[in-house]
Every structure is written in structure tokens, then in C-alpha cells.
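Each structure below is given as C-alpha cells.
Each of the next two complexes has chain A plus one other chain: chain B in the first, chain C in the second.
This part shows the complex of A and B:
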């Protein structure tokens, strides 16, 4: 009997296996001040990032990257209502016009970062906010709500500050980390920052390691820690050029 | 009671791609009359925890030694149970924390590694989680610092023996933190179990659960491992476990995976 058992072939028990989802969000300011070179640069830069993101994702079968775009101007809208697998993602050029309802964007984003629809087994989401101005709506309440969600706290939040008219304090409130507010002074900078931000997905999805929870997050874990990207060594954060400033 | 304890640590797909060895460890005691111990530790495996395979080994060794020493000191199951109820996440956890850190310092010194860095940075090099159980005649004790799962399965039940804080993402509580014992949790449960019926405790690193989409699918998997042993015997799982855990990592989350089974039949 024992020999028979040893020789018997068994299928692996259990449910279907799954890799870990990673949700990547582009939050793009499409207000009137973005009209022209700025929005064109955003469109071109993000478009050029898609293939490298797909290639990086293909090299890591243990994570599944999903991308979504949220645009805000007068109001805010998801460009696609559902998460798009990176291998199917295409960029639809955005147009600029209207005011800067950033708070509305935070509200829509917060609704997608609750559990569900997010899985508690996902990798931390990556949120990249691009803006060249100041919120024209009352953003604080919705940002506060976003940052108190479990995945809102754990998300890697990056802001790209476009030109000289941005309220960087708002972007700093969003990221919780000054290093993650990237200054883009001109089209060249903006392209560089967008490309760098797009690579953060592969940093976050590099699996196989854990990090002890940071002391700050541990100390404040009951009170809404703001631990953006603390578990990752981002390295090589690009610096703005000294050239022309928008 | 006829308890069999076995397990396996499988190198994760992600570590396989970079030729980094498995950072998990597991250990057991199944020879002490009246006492079974099973323990699993998950080394962090990050660039800041380069010796975490040694840290996880130290964690399982310390757990086993400390628990066994206390058991022998009490020499009375009821008194031992009372101690664990009162001090499982207190004095006992403090001893585990202290002994792990002492063990790490010994390892670090013996290996002639850099001693001119603060102790907390040395501990970080060896960062690891720890889960473990002790199964006695009348009760089971479960202990946990950091992530991982200890699951009880019988014919009608699949449930967590101990419920740890679920930290999202890739962060975990860790033995390498100062006062790590403060994040320890423990539980003592009376075995209102018919020892004549098969039951199982399953200890797994987080890579196992993270390879399934939902908690229900994880529980379904625990149940199917139990059913397989029940129908075909322990060998049906033991002989294939390495292959299955590797497959689980490659098609799942990519992390190192350890599973230890304490199966009673």
C-alpha cells in the first residue's frame, strides 16, 4: 500500500493560483492652463511609456499590472471605467479646457481604492498625479478621505508639478513626501518625470521581499499613517533642469 | 493521537530568477512525550536584510528551544497552559524577542561581520517573521510576530487558529524591530477535538495565501490538502509538497513559500 501511495500521481490540491494585481493610476490635470505644449507633452510622454511598461510587466509574471487614467478639469472622469491590463492598454490623447477640480478626482479615486473593489492581496497601488495649477474646488475633504483609506495610505503617491504656477503644498499633501513631488520646468523635464514615474510600477511589483513596517507607520497605524512608498528604494529620482521654466 | 509533522520550504520564483536562495525556515519537535512543536519563519529577503535566511533559521530555532525549555520547567501541562495564557504575548514573547536578538549577535560576531554598526541595523540584516504552535494533550498554543497563517482544518472546519493584523502590501511586523515582542500575538485554545478523528494544523508563509485571489480560495486549498491526506495518507502530500509549493510560487505571487503540516490521524 505504501509503495502504491508513493507511486501514485496526484494533482496539486487547491484553488486556482493567481498572481498579485498592481493598479497604476494616471491622474491628469486637463484644465485650461494645460492647453498646448503641456498637454501635448503629457500625451506623447505617456504614450511612449506604454511599451516599456508592457515589457517590464512581461518579465514579472508574478504581478499583473492594470492601468487606469483619471482626468480632471471642470469635474473629473475616468477615461476607462475599468482597470485595463497593461498588455491591452492604449493611450487616448487628452484635451485641455476648464478649471481644476482636483478634489473631484480624489473623490473618484478614493471610491476605487476601497476593499472591494481592491483586493487586500494586491500590491500597493501607484498613483501619479500631474498638475500645473491649484485646485479650484474644495479638495481637502476628499484628499483626507483618500489618505485615510488603507490602500490610500499604502499607495505609492507621486506628483509631477508642471511649471511655476503649481501649489506644491497641495501636491505635498497628496504625496506625504517631498521627494515624490517632482518638478517639471519644461517639456523635457515633464517627459523625463513621466518616464521615471512609469517605472515605479516595476519597482513596486518586484516581488520576493518584505520590509519591516516603518516605526512611524507602526506608531501611527491606528491613526492614519501616511506611509507613501516607504517600503521601496526608488533611487534615481530625476531632478529638474535649469532651463526654461513654463 | 498519532501526530505527523512535516513541511517544506520552496525557493520563490522571484528568487529563482535572481539566483537568491530561499529565505524561509521551518522546524519541528515531534519526539518529546506530550509535546509537538511546529514553527515557520519568513526572512524578509530584501536588500536591507541580506542575511534573512539566517535570521529565519534563528527564529525557528529560538522558538523551539524556548518553548521546549518552558515546557520542561513547568513539568505540568495545566501550569504551562496558565503561563502561556497569561504570558504568551508578554513575558514569553519578550524572551523570544531577546533570545532571537542574542542569537543574531552571536551569528554576526561568529561570521566576523561588521560590528561597528548600531544593533538595530544588525538586526535588520537578519529580519524575519515568526509563527509557531505547540500541541499538547489538552490545548494548542499559537504564537505570531509578523505575517503568515496558522490554519486549523478538520472534516467540518477551516479556520484561522490565530488572527494577525493584516498589513497591506509588502510590509510586516518583524523580529528585527526594537521591542518586536510588543507586536506578538498569541492564543491558547482548548482542544475540544475528538483525537480519534483526523485534524490538521497548517502553518504557511504569506507567499502561500498571496498566491490565491481570496481568503476563501486559500481556505479551500487548505481543506483540499487535508482531504488528500485523509484519503491517501500523509505521503501523498509529503512526497509532492516541494513540487507543489514551487508550482504555487511560479504561478502565484512569486515569493518563497513554506508550508508545515501537523496532521493527526
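This part shows the complex of A and C:
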């Protein structure tokens, strides 16, 4: 017996599950030394991470992921003026040229991690800094300011150190945790590190199945108590390959 | 990711079967899942990341493959595939049909199943986990990610069964998923077990019914940065049920956690009582958690306890406690009052008799089958005011009138719905009330 009532759709009340924003920042060094293969690799690697990030976000009802890109060379600029929801995010290829005003980038980032524009309730922001050199400006004051902001302090901060000319101490100051300074010695490493960094958003927002600590492959202790990120089980932090150096 | 399998790669299993990699279906923390083909048939391969391909995991899989699936609702490991160098491995399982959706789709409002369907999902998923527990296993990681259901029928599939382990012999690689892990696991005092499964199951069902986490109320709302420390507090160190009758400090916050208040009022008191036990006494004492049989009895009555609003036709749950207290059933959508129809009562099983109501094998032969329809409400073609129960089984039923006289109800015939009359199904006897 056909039954019209059974086949009609009656909406349940209520809305989607309440979620929190998660702000993800790519901070990309676009100085002259990044020209050529390096920036091309970065462009390709980040672009290829978008789809997996979108897929992961789709499976996560507890977070709404927003992505923004900040480039720095001579000066620093936001690539988009507003946070872009991951489902709408597209990568605009970056070009390299100029000096390394990393401090300027920290200043712009700090302005965005202040409340407002940051909301009261959120998941820890994730900041991924990619650099192949040393700051040419006086970065210290701006980094200090960033790290003293509540959301700056809470942010999971990762640095990808490209090649051998990097001042890793600056990157360490930024991450507050040696484990989160990833060394990329070649294009393959760089792609691997970027891909891994892109998955940190899902670890932070909806940590997947957690494994017992004792069974982790690398049971290195997490340094840097001032860094929220230190408490997460990131698993699988990629290791650089030995060999070719740029 | 390192070691991705390329399309066309040929892999050989322990049993000598050859699988050809077709496409990547998805990636997770433990590994990637591929669509692979064997003799023209598509199946799924879960291929572990290098550091997850442990000998412990392999032992678990060998055991699961040997024992076989509890039933066809589990996408169970069927065959073990090992890389040529012997270092990586994965397992074969049935592929999931596309129409099955994850609770995440429900949480995001991308699908809108009826309350009836959700009750069927709750019933079916509880039944499946009960089957697992009856075999001495625990699942260890009940959460959004491993349940899929058909939004039309409420049929369920349980996937990611590679963490299933023997209860009490903790060997699994997982502790569970945050927000679903029992508090004693969150604070590091316990490992996954049957009792922690019961907690995760209660969270999962609460999420599906209420679209809010049972512990996310004022406490969660007061936290600015939801980092791992905050999560440990809410789900582990200081968990408080948002509707704890004795502790009102963690009520849902209007404007932020509205779903909780909207849905909670719609559900019948007996299921709310079970949630309350689960997230008050059961929160602290794993032995006092609600067991599957108790849930199943309530979910079965919810499936057969839906009244249609006489005005807007939305679904209203019949609530025994309202009837006992003489409180009207009002529609949550249009506020119209709904009259409770005649009910069929079999022990503690209650079926509200609407014109589209069904009865199931559970009612007529007393098993746990709430899928096989054994009877339905039918309208007398000669007198539309006379409703009956049509016998959809192969067996004769006996209709017992109020005066005790008996009439045979052969298959395909209907017996009149009348207060105080009874139907003897052979095993169970139902009374109209």
C-alpha cells in the first residue's frame, strides 16, 4: 500500500551542529632567494594540499576551517583580505623577489590574531611559516608581540626551513618547539613537509583516533610547554631526507 | 604521502588472491583506503601507514579474518595483503555502497532523515555493537567515522573494524576519538573496553538525536580556545551532563547550543532517562552504564511510537509518562494537540497504531528483528472506519475477543483493532489498549 505520509519529507527542527572556526595561516617567504624552483615547489605543494584539506574538513562537524595566505619579501601582504572558508579556497601562485621582511609579516599576523577580528570562541589557530633565509628587518619586537597575544600563544606554530641558509634559531623562536621546525633539503622534502603541515588543522580540530603514547613510532618527548601544539599527538612528523642540498 | 599505491599496482594476499589497485577512496590517520579489483569485483583495501603497520595490528587482523564477521552489517577484514618487501600490509573488506551516509552528514544538516529513520539507526547500530560484545569483542573507537547508514531505511554498516579486540585483552592501536572517549580513558585511567564502548555509543546516539554533545553546555561555551587542555577538562576531568537533574551548572547556552534545548523536549521521557543515567552515574561508574538491551527496548518503542500531528503531519513521539500524567501530546512544530491512537501492547513493547503502522518480527516472534515486517495496519475496504492488523506472516494468528471467543486470522487476513481484544501470534500475545 503506497503511503503518502511515509514518503513525504518532514524536516526535523534545529540547525547544524554548532562548530568553532579554525584559522589556518600560510606565511610564505617570497624573498629573492626563493626565486625559481623553491617558490614553484611551494606553489605546487600548497595547491595540491587544498583538496585533501577540504576532504578532511568535510568529515569534521566540529570545526569550520578558514585559510589565509600572508606573503613577505620587501614588506608583507595578505593575499586575500579576509579569511577564506576552506571549501572556497584557491591558491594564487606566489612570485619571489625582494628582501626578507619577516618581522613585517609577524606584525600583520598579530593584527589578525587580536580580538576582533578573531572571534571569542575558536579552535587553536595553525600557523605554518615557510622560509629559506634570515629576516632582514628587526623581527624580534613583532614576534614578541605575536607570541604574547592570547591567540598567538595558543596557536600551533610550525616552521618549514627550506635549504641550508635559514636562521633556524629564528624559526625556533617562532615555534617554541624544536620538533615543529621541519628541515626541507630538497623539493621532495618540501612537498612532504607542506603536505604534513596541511594535515595539522585536522589534528587540532578533530583529533582522529588517538594512539597510546607507548606505541608511537617516535616517542620523542615534546619540548616547549608554552606551545599548545606540544600537547598534541601529531604522529608522523616527517623527517628530512639526507642528500641534495639547494 | 609516502608509499602511496599507484593505480594498476598488483597486490597478492595471504590467501593467494590478486588485487589490482583502482583508485584512492580516502585517507585517515592509520592509513589510506583504496578501491581494488579482484576478478572483476570491487572491494576496499585499507593500506596502513608505515608506522601503523605493526606486528600487533597484524595479529589483530589475522584473528579477525579467521573469526569472520558477526554479520553482514560489518565491513569486516576478509583477507590480508602484504607488500613485497613484507614491511607494509593492509586488509580487504567489502566496499561501502554510496547511498550510505555518515553521521557527519547529519550533523552538518546535509541530510534530513525522519525521526523514525534515526530511531531505526539507533536501534540497528546498538544491535550490531551488542553482537560484537556478545562475541567477547570490544570495538574501542565508536564515533562518527565508523558508522554509515541509509537515510531512507535506517540500515547500518559498521566500518573500521580493524581495532576490534577481545575485551579485557587490550591490544588495539587506538584509545578512541576525542569527544567519544569515556572520561576514564581521557584522564588516562583506563583502556578501551566493553564498558567504554557503551559510553561512546551513548554519545553517538545523543549526537544523532540531539545534535549537540552531551557534555557541551555552559562549560564549553565559556572556553575561548578549545585546545587539547580544554578538551581534557570537558570530556575527562570535569565532565557534567548538560541536563544533569542535580547539577544545573552546565546547561546549554541559548544562542549557541540551541539544538540541545530544541531536541531534548521532543524526545520521550524514557529515552531521556537513559541519557541521564549514561551521563550522570554512568559518567563516573563504568559499571552503571546503560546496556544494549535497555537501549534496544526503548528504541524499538520509539520506532513504533510515532504519532502524526493531525494538523501538520510532523512526527510526535508517544510518551508513556505524558499519558500517565494526563499531559497532552502537543506538536513541536505547530503546537496542535494529537490524540494518542489505540496501542498494541506486548509485555513492555508498545506499538501506536496509526494508519501506516507496522509490526515487526520482534513483536510477533519475540526476537530482536525490527526490520522484517510481520504485520501492518489495514483499513477495512467495506468500512473505512474499521481498522485492523493484517497478518503478513505465513502462520495463522488467533484473535481473542473481549468475551474470550477466538477467531482464526490466516495469512493476509486482518483482525479488528479494538480495545481489550488480543492477538495470539503463537509466541507472543498482544493486547489492544
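Basically, the second predicted complex is superposed on the first by the 207 of 246 C-alpha atoms of A that agree within 3 Å, B and C clash if a C-alpha of one lies under 4 Å from a C-alpha of the other, contacts with A are read in each partner's own complex, and residues count from 1 in each chain.
Rule of thumb we're sticking to: contacts are C-beta pairs under 8 Å (C-beta built on N, C-alpha and C of every residue); 3 or more make two chains touch, one makes a residue touch a chain.
Fair warning: this is a prediction, and the values are worked out from it, not measured in the lab.
Once chain A of one complex is fitted onto chain A of the other, the partner contacts of A:84 are absent, as it touches neither chain B nor chain C. By the touch criterion stated above, A:62 is placed in contact with chain B and with chain C alike. In the superposition on chain A, A:13 makes contact with both chain B and chain C.
After overlaying the two complexes on the shared chain, residue contacts for A:151 are found with chain B and with chain C alike. In the superposition on chain A, contact is made by A:195 with chain C only, not with chain B. Look at A:52: by the touch rule set out above, it reaches chain C but stays clear of chain B.
Once chain A of one complex is fitted onto chain A of the other, the partner contacts of A:108 are absent, as it touches neither chain B nor chain C. With both structures placed on the common chain, the touch criterion links A:124 to chain B and to chain C.
Touched by chain B in one complex and by chain C in the other are residues 5-6, 8, 10, 12-18, 20, 60-62, 120-124, 150-151, 154, 206-212, 215, 217-218, 231 of chain A. Residue ranges on chain A touching chain B, taken from their complex, read 2, 5-6, 8, 10, 12-20, 60-63, 119-124, 150-151, 154, 206-215, 217-218, 227, 230-231, 233.
On the chain C side of its complex with chain A, the touching residues are 1-2, 26-30, 49, 51, 54, 56, 102, 104, 107-109, 112-115, 141, 143-145, 163, 173-179, 181, 191, 207, 211-212, 216, 221, 223-229, 256-259, 262-263, 266, 308, 313-315, 332-333, 355-356, 376, 378. Those residues of chain B lying in contact with chain A across their complex are 12-15, 20, 42, 44-49, 124, 127, 129, 147, 166-174, 176-177, 183, 206, 209-214, 217-218, 220-221, 224-225, 227-228, 232-233, 235-237, 239-240, 243-244, 247-256.
Residues of chain A touching chain C in their complex: 1, 3, 5-6, 8-18, 20, 52, 55, 58-62, 120-124, 150-151, 154, 192, 195, 204, 206-212, 215-218, 228, 231-232, 235-236.
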